[in-house]
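Here's the structure, in structure tokens; my notes come after.
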Amino acid sequence: MRPLSQDDIAPTPWPVTTGMNILVVGVGGQGVLMISKALALMAQRRGFAVKQSEVHGMAKRGGIVFSHVRFAEQVWSPTITRGEADMLVALEWAEALRWLDHLRPGRGVFIADTRQIVPPFACRSRKRGAPSGYARETPAEIVGRHADGCALDATGIATALGDSRAANTVLLGRLSAWLDYPVAEWHDVIAAIVPKGTREINRKAFDAGRGWTPPAPDADPDLVAAVPDALPDRHVGVAIEAAWCKGCGICVKLCPERCLAMDGPKAIVATPSACTGCRVCEWLCPDFAVTVRNEGVPA
Amino acid sequence: MSTRLTALHGNHACALAAVAAGCRFFAGYPITPSSEIAEHLSYELPKVGGTFVQMEDEIASIAAVIGASLGGLRAMTATSGPGFSLMQENIGYGAMIEAPCVVIDVMRGGPSTGMPTRPAQGDIMQARFGSHGDRPVVALAPASVQEIYTETIRAFDLAEQLRTPVTVLYDQVIAQLLESVAVPEPATIHVHERKWANGAGAAFQPYAAGEDGVPAMVRPGDGHRVHTTGLTHAESGFPTQVPPVVDRMMRRLLGKIDIHAAMLERYETLMTDDADVLVVAYGITARAARRAVMVLRAEGLRVGLFRPITLWPFPEGPLRRLAGQARAVLVPEMNAGQLVLEIQRLVAGAAPVHPLGRIDGEPIAPDQIVAAVKELAVHA
Amino acid sequence: MLDVAPATPFDPKDYLRLQYMPHFMCPGCGHGIALRALLAAVHDCGIAKDDLAVVCGIGCSGRVGGYIDANTFHTTHGRPLAFATGLKLARPDLTVVVVTGDGDCLAIGGNHLIHAARRNLDLTCLMLNNEVYGMTGGQASPTTAATRLTSTTQSGAIEPTFDACALAAAAGAGFVGREVTRQAPALKTLIARALRHKGFSFVEVMSDCTEVYGRKNDLGEAPEMILSQKADMRPEQHNDAPNQPFRPNALPTGVFVERDLPEYGARLRAHAAMIRGDTAR
């Protein structure tokens, strides 16, 4: 594995005269289409023929969303085939990996948010830090395999700027570094397509993405947190099957004794001793993740 | 004596044949000119312990038929053009989940409400392509009341063997025509028993099939507890979108027809050995064509008739062979030109293929075919 | 079917296809709560998994069946009641439960609902009403309340809604009830009552679509949505005594109709016996 260096990151802008194939991927609600709209509008203003095709069927429920943007003097096919994408912009990490084979071998640029949205079916074990069905490659490994590109915490950057939803614009800014268009034109394009009230934050996000440089490498965070101790042997008790928990928070907010708490994306049993065995959490967990043991109260 | 001669209307023959074939469930919605099938079955089915139900529309009818088939019964519905249109989505579902059933479509003049009491042959391409996506298609086209009887029985036999919906297409004329029918003794009628799954187990794969491409069917309550879905599914029965799996499953589904091509093929020829002009006709039109061939032969013209009885899959091989010997092919049919497209594709230029369409609600008369053949013979 | 709950405690894992869990529903989706209540009711009634058939339509609600370790059928959009009619007539020995959605059951399948209710075949229909087309991304359904935002009512819904229970009752259903997912134990009891009812029983489950409806309408996260069910559904109007007149402008919960009507399958079989008797004579 090759460590990331500044050289890997600094883009050489492509003089865009012949056009490009850009694939934008993510999951529902992340703003994939905003990026492709911006690209399409930019290309249009530059006098290219543009084709943009997208899939967003079940997008609103977190499903896969992707958009093909193609611009050139003349474009016929609306979609980009495998190995033909000049750029892959991914708003979610697993989606980034899923679409890798679409990049042009040896030349394609890879830009991805490192943020993971773990689908419930990728959870395989109740221990935190235990292997899941989610992709295990590290950003550095992936970027290292590609000709050019970067992986950045766009969501983190956007959150720091005040709105996590602007992560897509951070990535657009990053992407713009590979295209030879003036910043002012990008600002215009963004202003034209985002809601009025969000122009400011989007402009900031764009600039932050465009000017992004990789952070100094940190020590690896300790992924494996302590597993909660087994419940004391009482006649009542509550347990959460972490692999099935999707973190909706119903049990946490509806437990009358406040036994449960959120720990990041999952619910945990915070004060097991307070559980009276009322089973509210068990009944209301949509995911069958909570089990209450109470010899006194029938299930 | 193993048969007895009875005079029957086409639709009555269809109903009796269904019962004889072991049909024990019928769901339908009234529509001219198919209603007599339902009317007869409403009385005949209860007599043999079967169920007749009149549903709220044709969508519900085919759905109930598939539901009953999934429950383990031989099941059928009958309709005409407008109802056949409504059924298309669920016919595709039946093909996808591999539920055997029989759909009778008594063709009437169309499009839309068209001419309810006039004959037509305008639904044959709908029978082929009416449901979205690719699916296995089997359609039979009887030409007489006798054949309505035998082909209805064969429809059940094919449906049960191939685990797929089978359509029987005939028109208003033979539906309501009274003809004598040789009704075979029940004991001589044989419909294959559906291949049932046995041996429940965790590893059971309801859509895994052997060489014949037909998976054994699960009877609810037998302990398999499987999932049935119209979503593209893997051998497990659960949805998949993994391209190689989808490809494998779809090829197996469509391949059932190819594997059983010999069993499916059925056609009739009349004086084709030396025919210069080959007439290709099906259903009621084939009867006019038969008469026309006799008349033309009497006048010394070398004309023959090719009559597909299994319309889909079309008996391609025999047609190609005969068309290869002919100098011209004529396709009379009661529509604006549907089967002729398929014949042109199959003959592929070996001989000129001419349509002879009729869309005024009248059957094609022998004279018309005679005239058209003479025209061709002159130019051939 | 058992009249009293079995002695063995209910464990949903006994009734789920564990290899497909966790299910595909979004975090907080009420359909999962309804699924649990259904399984608990099946357990209470002592229905063997082999004898249970679950027939679903298309939608998020339609996907519920696939997770149940029984004979499960995922049919076409709007038609599960029609498929179930054929299945139940062919196999009176099976307990047939239909799981459908508000769009599936009241829009594209509305005709089948009223006729299934009228016919009174022994089916139990569970309609998961989340007031929206969840699966297709949040379009308005026949139960989307006025002013609600959906992707096809971007400035607020304007159409009047169906009261599904009143509809089923008017069409002749023998058993009609409604419950919110918030009252999951009561929901289970209601479903169990519906399962035990001989004839067509209709249960409307008020379910939350957190992802495409709650979010769009600022109804809060899953916990807020489920907590607000209490206020919306007026539990003070809980209907303990069935067969009361329907109250307009409210969505009360409880059992509204419970009446003994001739069951269609039994009628059909008696009728057939009569025909056979006639022929013999």
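Note that the chains are named A, B and C in the order they appear, and that numbering of residues resets to 1 at the start of each chain.
The definition used in the following text is that a residue touches a chain if its C-beta (ideal position, glycine included) is under 8 Å from a C-beta of that chain, and two chains touch if they have at least 3 such contacts.
These numbers come from a predicted model, not from an experiment.
Counted as hops between touching chains, the shortest connection from subunit A to subunit B is 2. When C-beta pairs in contact are tallied for each pair of chains, B-C comes out on top.
Put simply, the C-alpha centre of subunit A and that of subunit B have 52 angstrom between them. One finds 36 Å separating the Cα centroids of subunit A and subunit C.
Residues 24-25, 27, 43, 45-47, 49, 51, 53, 55-57, 59-61, 63-73, 75, 89-90, 93, 218, 220-231, 238-239 of subunit B are the ones that touch subunit C when the two sit in their complex. For subunit A in complex with subunit C, the residues that touch the partner chain are 56-62, 120-121, 123, 243-244, 246-250, 252-254, 283-289, 298-299. Only residues 5, 9-13, 16, 21-33, 35-37, 40, 60, 134-138, 151, 181-182, 184-185, 210-212, 221-224, 226-227 of subunit C touch subunit A when the two sit together in their complex. By the touch rule above, subunit C contacts subunit B in their complex via residues 17, 20, 49-51, 53, 55, 65-66, 69-76, 79, 82-91, 93-94, 111-112, 115, 268, 271-272, 275-276, 279.
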